[in-house]
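The next block holds one structure in the form of structure tokens; read it before the comments.
Labels run A, B and C following the written order; every chain starts at residue 1.
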Amino acid sequence: MTMEEPDMQTLTPTTTNQGGVPAKATHGAAGSTDRPAGGLETRGLHAWFDRHHALQDVSLQFPENTITGLIGPSGCGKSTFLRLLNRMHEFIPKAAMAGEVLFEGNDIYAPGVNPIEIRRRIGMVFQKPNPFPAMNIGENVTAGLKLARVKVDNKQELVEECLTRAGLWKEVKDRLKAPAGSLSGGQQQRLCIARSLALRPDVLLLDEPCSALDPGSTLRVEETIIQLSETMTIVIVTHNMQQAARVSDYCAFFLSEGGPGHLVEADLTTNMFSNPRDSRTADYVQGRFG
Amino acid sequence: MSTAESLEPRHITVRRPVVDRVFRTVISSGALLSLVVLALIAGFLLYRGLEIFRDFGFGFITGEKWDIGNPEDTSTAVLGIGAMLVGSVLTAFIAVVIALPFAMAAALFIEYYSPRRLRTVLTSVLDFAAAIPSVIYGIWGYAVLLPLVESWSKGIERNLDFIPFIDVPSEIFGRSPFLAGLLLSLMILPIITSVAREVYGQAPRDLVDASYALGSTKWGAIRNVVLPFGRSGLVGGTMLGLGRALGETVAVYLTLNLVFDVNFRILASAGGNVASLIATKFGEATPYELKGLMAAGLVLFAVTLAVNLLATVVVNRSRRVA
Amino acid sequence: MTAVVAVPVAPTRPWQRRRAALARNGALVAGAAVMSWLVNARTDLSGFLGHWLAFSLAMPVLALLSSVRSGRNVATDSFSAALVTVASLAAAVPLFSIARTVWQNGSKAFYSSYLTTDMRITSSSDPLNMGGVLHAVSGTLVMVALATIISVPLGVMSALYIVEMKGRFAGVVRFLTQAMSGVPSIVAGLFVYATVVIFFTGFSAWAGALAYVILMLPTVSRTSEEVLRLVPDELRAASYALGASQARTTFRVVLPTIASGLLTAAILGIARVAGETAPLILTASYFVATSTNLNEPMASLPIYIFSNLGLGDSNAITRAWGGSLVLLVLVLVLFVSARVLSARLRRKRL
């Protein structure tokens, strides 16, 4: 049996992205305490779909203001893991879980926690770009605020700010009233990122955000992600090894091997690609399977 | 290697066996027969009713009176279905206005609020409600709903008689357009609900997820994604219900007083619809009056067919989008 | 390698707080019940409907008030949830009332030979221990059987035309069949009256059955079409690959596979017409005795109900309720058998 040791795989933050986060103060509208926002950690996380055990015992830390790539072949549970991080998992009928997800030190699955608040602070971007088709570009950016019934005084500024951070402003500033469906796939995906940013989340989860995009759009989205990581914690699921190498500071490798998906190893991305501890990781990152 | 000069697909000729040719002919004629029936109905009603349209012209549609005069002399007859058409439209309109919000609620409840195990049960109950014969709705409406509506009407009229269509100067309530409309609303509720349920259930999952990921509540996701997505399907389902309400006979016959005056006072005991006119009059109709009923039937046929064709188009389009 | 001790981890659903939800909903219901009682005691409202109305209005209001401190968003959410629930329940109330009244009033008409006698020697106002519905039941069954024999082959043919043959007019046939399902039943009756009744048979079972056919055909053909589409193309390909003709493939492979589906189509068509009253008034009319003569008027359950209701006598009205009960049970039986059959078809993974 190849069971993983149940000890915690801890990612120790090194030198990336320290200091230089003045934006934190301005953007932490929800949690403007002294404690750094955006710390995320899982402890012994499991997931089930009905009786099917999909994910087994994952313990991981996501340091603030870094990008962590979740890699592994399809069906290894990495998307499931991602959906557990902002309580999207529970929308799947018959889904269940065990373990803890600590957001800024508190378990988001504890009784009394408002999942809506969690989802607002931990944003998510999906595999397929899914802007709201009935809304125009500008309305899409503020859709989250509308859904949350949050009043903003300077809507125009907010739209501009979010679209700028998502790297889309220059392309759409003259046609904010155009329907979202008129954008290209890559632009739509960046619009979805902007839509998440409008809620000023501390964490952004991206589920294979580029798998439906062409290479040019992919590069634009990747640039956007790297810029965003200066002010927020980012977790990105990807199939693409080059993408993981390009954008992520850390990598976590998942594998299912016929049983439930589990974490094989997690480390700095450079280590994972140059000097992996596990032979399966080496095989995968060098494209020998998956 | 063949050169790329003008490559054309070869035409394949199919020579079907005799048995297949017979088979296909039989099937085709069977299928076309149902079209022939439809055409026959329209054609025959038109043929029989033509004389009436010639005699009364547009007045047949707008006229309120239905009087055969001297049975021996057709020129003394005055036939018009204006009052009946108004009654048909008024009762059907009341039915849709009442049924629509409840149908939307029931569809949302089944798809998004009820426990999963209850869902199949509720869907079955809904489908069964659509299969309950209209004569049973009618007898129930007459025995149970009529006394209730009569007392409600009195109360409503007493308090709101400054509104023109609520005021009832005759103070005779009971078998009113409101009662018939309310009963019809119960009959079309399952139809609208079942179409609404289907389209709401097909709302794109990724947009619902996107709403949730933005911190939306369930209601937020429904209002933002499900309702806009289901709008055209709901319109189609409502029109199917409208078609059913326009053509209903027995339930209206039992719950609405047949009076040949245009009546917009929804609580007053007077009205009628085209279908119940036909059911009431055909028994002792003179040949000329029968032609009038055919013409009335043709008008009803045309109206419901138009409503249903439109509904079919709208529902199909909303399915295709999904 | 250290020995791995597999600690059993149980799946949980921390988002389902059953007990908390139960307590909250229980409190809401109790609160709304109290409010409804208070309102009914103070105002003109009374009875089941009065309480129901007050309760239905109180529920969403209480839901709103109880969650208002969690913010406007959550409050709107729970208000809407309560409103949707209450409105759906309200939509179900008439159904229960119909079932209850039909049962209560209808069972009064029943006595030992209600189902085995007819009204040949009994008048509608006679005491309730005489006469029965045999003629109506048998008439309905005869006419429905006749209509089924005619409309099922026709309906299946048009479905075959659309799905198997993919004929040139498939789209038109499909569209117009769907539109035909909206033809008001009285118009179908009027058409048969003006053609068959007046010129050929007079009021007769034949005429009634023909009116049924017009109404059944769209249901039968649409359902068979849906079932035919479930047959995988590999099945047809396999048959053609063995050199079978299209006719043989259809009769030996396709139709047997979906036999229970076609039965469902027939039953749904029957359920569609079994309760129809309007067309029968103009075609089959009514006859007090059990009869099998297709060229004469024939009784049916809906007309039995309708004509007894028209008499106004209290015994006649009770008979109308008795007929309603029989009719409702008949439709229920048809409905349940259609459900069971289509569930069986689905289990075959078709």
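The definition used in the following text is that a contact is a pair of C-beta atoms (placed from the backbone, for glycine too) under 8 Å apart; a residue touches a chain by one contact, two chains touch by 3 or more.
Note that this is a predicted model, so its numbers are computed, not measured.
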Among line, ring, star, complete and other, the chain contact graph is complete
When A-B and A-C are ranked by contacting C-beta pairs, first place goes to A-B
Distance in whole angstrom between the CA centres of subunit B and subunit C is 16
Between subunit A and subunit B, the Cα-mean centres are separated in Å by 50
So, in whole Å, the Cα centroid of subunit A is separated from that of subunit C by 49
Within subunit B, the set of residues that touch 2 or more other chains is 217, 220
Where subunit A touches two or more other chains simultaneously, the residues are 116, 147-148
Contacts with two or more other chains occur in subunit C at residues 73-74, 76
Per the touch rule above, subunit A residues touching subunit C in the complex are 1, 3, 5-6, 44, 46, 48, 57, 87, 90, 95-99, 109-111, 114-116, 147-149
Interface with subunit A, subunit B side, in the complex: residues 116, 204, 206-207, 209-217, 220-221, 224-225, 228
Within the complex, subunit A is touched by subunit C residues 2, 4, 6-7, 9-15, 17, 20, 70-74, 76
The subunit B residues in contact with subunit C across the complex are 16-17, 19-20, 22-24, 26-28, 30-35, 37-38, 40-41, 44-45, 48, 101-103, 105-106, 108-110, 113, 124-125, 127-129, 131-140, 142-144, 148, 155, 186, 189, 193, 217-220, 222, 240, 243-244, 246-250, 254, 275, 278-279, 282, 290, 293-294, 297, 300-301, 304-305, 307-309, 311-312
Seen from subunit A, its contact residues with subunit B in the complex are 86, 88, 91, 93, 116-117, 119-120, 123-124, 126, 128, 130, 132-134, 143-144, 146-148, 192, 195-196, 199
